[in-house]
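Next up: the structures, one after another.
The following pair of complexes shares a single chain, subunit A, combined with subunit B in the former and subunit C in the latter.
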Partner chain A sequence: MHIKVKFLAYFRDLFQSREKIIALPEGARLRQLLGSLCDSAERHKAVFGKEESLSPHIVIMKNGVPVQNSGGLDAALENGDVIAIFPFIGGG
Partner chain B sequence: MGRERESERYSRQILVPGWNQEKLKRATALIVGLGGLGSASALYLAGAGIGRLRLCDCDKVERSDLNRQVLYEESSIGSFKVEEAGRRLAALNPLVELEKLNVFLDSHTVGELVKGCQVILDGLDNLESRFILNQESFKKRIPYIYGAVHGWLGYAGFFHPPQTGCLACLMQPGLSQPEPVPVFGTVPGMIGLVQATEAIKWIQGIAPSLLGRLLIYDGLHLTFDLVNVDKNPACPLCSKK
Partner chain C sequence: MSAFPSGYHGKVLEVDLSRGRIERVPLDASDVHDYLGGRGLAARIFYDRIDPACDPLSPDNVLVIATSPLLGTNAPTAGRGHMVFKSPLTGMIGSSNCGGTWAPAFKASGYDVLVIRGKAAAPVVLEITPEQAEILPAGDLWGLDVHHTVSALAEGQAAGLRRRVLCIGPAGENKVRFAAVMNDKNRAYGRSGAGAVWGSKNLKAVRVSGREKTEIKDKEKYRSGAEQAYYLLKQAPATKRLLKELGTLGLVELIDLIDMLPHRNFQDNLHLDEDVERISGETLAKKLLERAAGCYLCPIACQRHTRVSDKRGEGPEYETTVMMGPDCAIYDLEAIALANYACNELGLDTISFGGTLACVMELYEKGILTAKDTDGLDLHFGNSRILEEMVRRTAGRQGFGDLMAEGSFRLASAFSHPELSMTVKKQEIPAYEPRASFTQALGYMTSPTGACHLKGGYAVSLAFFGGAKEIPRFSLLQSPMSIRNMHNLGILQDSLGVCRFTGFAFSLDPWARMASGVTGLDFSTAVLEEVANRVAALERLFNIDAGMTAADDTLPERFSREPIVVAGEERVIPPEAIDRLRSDYYRARGWDEEGRPAPGLIESLRIRRRQP
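For the complex of A and B:
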């Protein structure tokens, strides 16, 4: 299956892309998608937190719905899903 | 100030299609946090002639605020922000009624703060206070215009459940951020003006463009992205009946 990943804010620089199409085996979950994207220590650190959990400092949305409270890294993926990734910011 | 002077003051904006000065005059907006975001939104809401601005902040002006918090000047250092902001805004537009609240936002004070306002503008600098405001906005059904900045980045969103999701759909409580947050003036200025624009549209009965969407502004690459934010069916706040 093919998943579209949209990078926003400084993730565009980090992943050197605005958008990527990633091929994954059927039944893959978000953890596998992110694992395949994070092919450097810097990328891995930006996405994964302690003990390989999802970093609390990023927001990931699947088809417009944030995954934070609905599956997280175990969120199931389907062919054609669109994943958006951007950092959390909090200054004012 | 006479009616004639009032008409003259707003003579350019009433030419804007769809503009309704009377609706704006009858409205109350709450701005929580008078920093970089709140400075920009307060100045432009006052200039536009909103009826009442409720200003909330308990901090004093520091020198390091002056690169971005355009309500203040060198002589403001050490004074309470609400007082300085009140002075500046009254000088800009004496027709606007100002409520200056030197109050710390927490779960005990938030109820009184939002009472009677049509819209809430977020000028805060931490997520914990934003969640308190978001929760009250949900409880009282008052729209909450989110804004946040960091470095070259600025975000803005318009949350109004059940029509849209809420901040808790998107982010989890307990996030930490570096102190001090890197920021320069134009980014909160840009986001604060977007927040003021959306507030004015809402008050005038025009659908806010950020309803259920997040604006991601990147000043470094000068990009503006709009991300649709659907309701999170597992949101700990707004998904509950």
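For the complex of A and C:
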């Protein structure tokens, strides 16, 4: 299956990309997707916190809904899902 | 000196412009413990002096500016003043906050609070130094824009001290109902029309300078809070780098991603990705930004000092960009920046201006307004060429600008379509779509000053960007308590004289130690929560006295009737959800079914009622 990943703010520099299409085996979960993206120590540190949980400074959305309360790293993925990765930010 | 708590001078400067009289009055020591400073203390002092039925543009209106015990220390972002008045836009409490350098300089002149009432016979400037306070003729300053006024008045020094200026521009002089009061040229007490109240009093500017120090009672306790605060600001990505790199406009793509970016006077939330990119924080950083800077004692540095060809200025920030931009179907960042510069120079709230123009554009689109009404100007959605021109006509009340100057509610009502004004309590809704989150909707509904980004309007950050604090988008159960907590944190930040954005790094604990350390009083987090509940109840009591009812805690009917697509589903805020959210919010506050603070609550919070 193919998952579209959108990067925002400083994740664009970190991943050298605004948007990527990632091919994954059927049944893969968010953990695998992020694992395949984070191929350097710097990238890994920005996404994962301690003990392989999500960093508290990151927000990940699947199809417009934050994953933190809906499966987190174990969230299931389906072909065509759009994942957005951005930092915890707020205000205006 | 009397034994007044440390951190305060214990003095109020009371100015009656009608009589030309200035008095120095002692601050009530029980008030500082119960209301802390800034927003809370200003509300208390305002409530004691104002006739709630008064015409906001009459001499009877009372302006109160209060500082906090943290001003004058090195606490991060502690440089903000808070102004309370009866709003000419909403007819309710106006409560407006501003960064910059004026408030710390005012406190250094030896006072905690400034009260201004009455109306001068001719335009005046108020001058305050540690040695004296006097009312001077404004002379040729009347009619000057903000930048020229500040340049003229800030020139030179008073006994070796820098002069700091708070002033209005032509928009305030012309009593535009959403005119701002400006500090350091580009910082604004923006919302609810404080500038019009200054104009109605013939008050052009207040110039201050000072050297009085703020005493700290328990230096160790204070330092433990301040050091933790600075440390945490360097840890959280938003305060460490994002706001400095991208400014608040760094939000725009995210807000679009979660379907909350308004379009065409909140008719929908549909934008092309490439359009949003044209107004993003990254585009601004690449094309317009000259440098980022911070307000007084602020390490976050979200200010954007920008340039459009040969013109320099500040902004645009997120709210300004979206209200003058996508909400008007405009994606031209340079045109928005130039209109923003004009708002700063003329002294105009960018949010209400953008919201009013978006309303006008919808009236124009529907044929309710034609070029005959608009002095021949083509005001269709997306026409960026008229942006700056409309700012000038509104500030000057020229032609159709005279109607714009009344705000969207009065304007749309004049054309028999009040339902097309996207306002709560007649104040324009800022740049987050309420149909995309119950918490967002309830934040707008329950703000005491009408819809406001700073009073419940950042619910978006709770809902989506808060990580562990995240709450479901459409939870009837969780929204009322979340919004109550958000209002309370906002009340306390405003009462401490500090910036909302510190909330992206930490909440109350460091502030509790700093406030307790400075004053020697018990401002534990539990005491601070009680202060917030007290201030919320007092603001509510004033609004009720001014004629507000529970029916005013609502949203324009568009948001209940016309669906938008949010995360793949059609959404409105149904009327029954509005009712339920509102009554549960009242219950969370200890208010009755009509939203009135119950007598038992007033007693337990020790709120003095007005003397009849």
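Just so we're on the same page, the second predicted complex is superposed on the first by the 89 of 92 C-alpha atoms of A that agree within 3 Å, B and C clash if a C-alpha of one lies under 4 Å from a C-alpha of the other, contacts with A are read in each partner's own complex, and residues count from 1 in each chain.
In the analysis below, contacts are C-beta pairs under 8 Å (C-beta built on N, C-alpha and C of every residue); 3 or more make two chains touch, one makes a residue touch a chain.
Here the structure is a predicted model, which means the values were calculated and not measured.
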Exercise. Between subunit B (first) and subunit C (second), which, if any, makes contact with A:84: first, second, both or neither?
Worked result: both
Exercise. Touch check for A:14: first (subunit B), second (subunit C), both, or neither?
Worked result: neither
Problem set entry | Which superposed partner A:64 touches (first subunit B, second subunit C, both, neither) | both
Problem set entry | Partner chain(s) touched by A:28 [first = subunit B, second = subunit C, both, neither] | neither
For this session: May I ask you to decide whether A:56 touches subunit B, subunit C, both, or neither, giving the answer as first, second, both or neither?
Result: both
Exercise. Between subunit B and subunit C, which residues of subunit A are contacted by each of them?
Worked result: 8-10, 12, 56-57, 59, 61, 63-66, 68-69, 84, 86-92
Exercise. Quick one: in the complex, what on subunit C touches subunit A?
Worked result: 236-238, 241-243, 245-246, 248, 250-251, 253-254, 257-259, 281-282, 302, 317-319, 322, 430-432, 453, 458, 460-461, 464-468, 470, 472-473, 500-501, 503-504, 566-568
Exercise. Mind pulling up the subunit A residues that touch subunit B in the complex?
Worked result: 8-10, 12, 56-57, 59, 61, 63-66, 68-70, 84, 86-92
Exercise. Contact residues on subunit A for subunit C in the complex?
Worked result: 6, 8-10, 12, 56-59, 61, 63-66, 68-69, 84, 86-92
Exercise. Touching subunit A in the complex: which residues of subunit B?
Worked result: 33, 35-38, 122-127, 130, 147-150, 152-155, 165, 169-172, 174-175, 177, 181-183, 188, 216, 218, 221, 225, 227-236
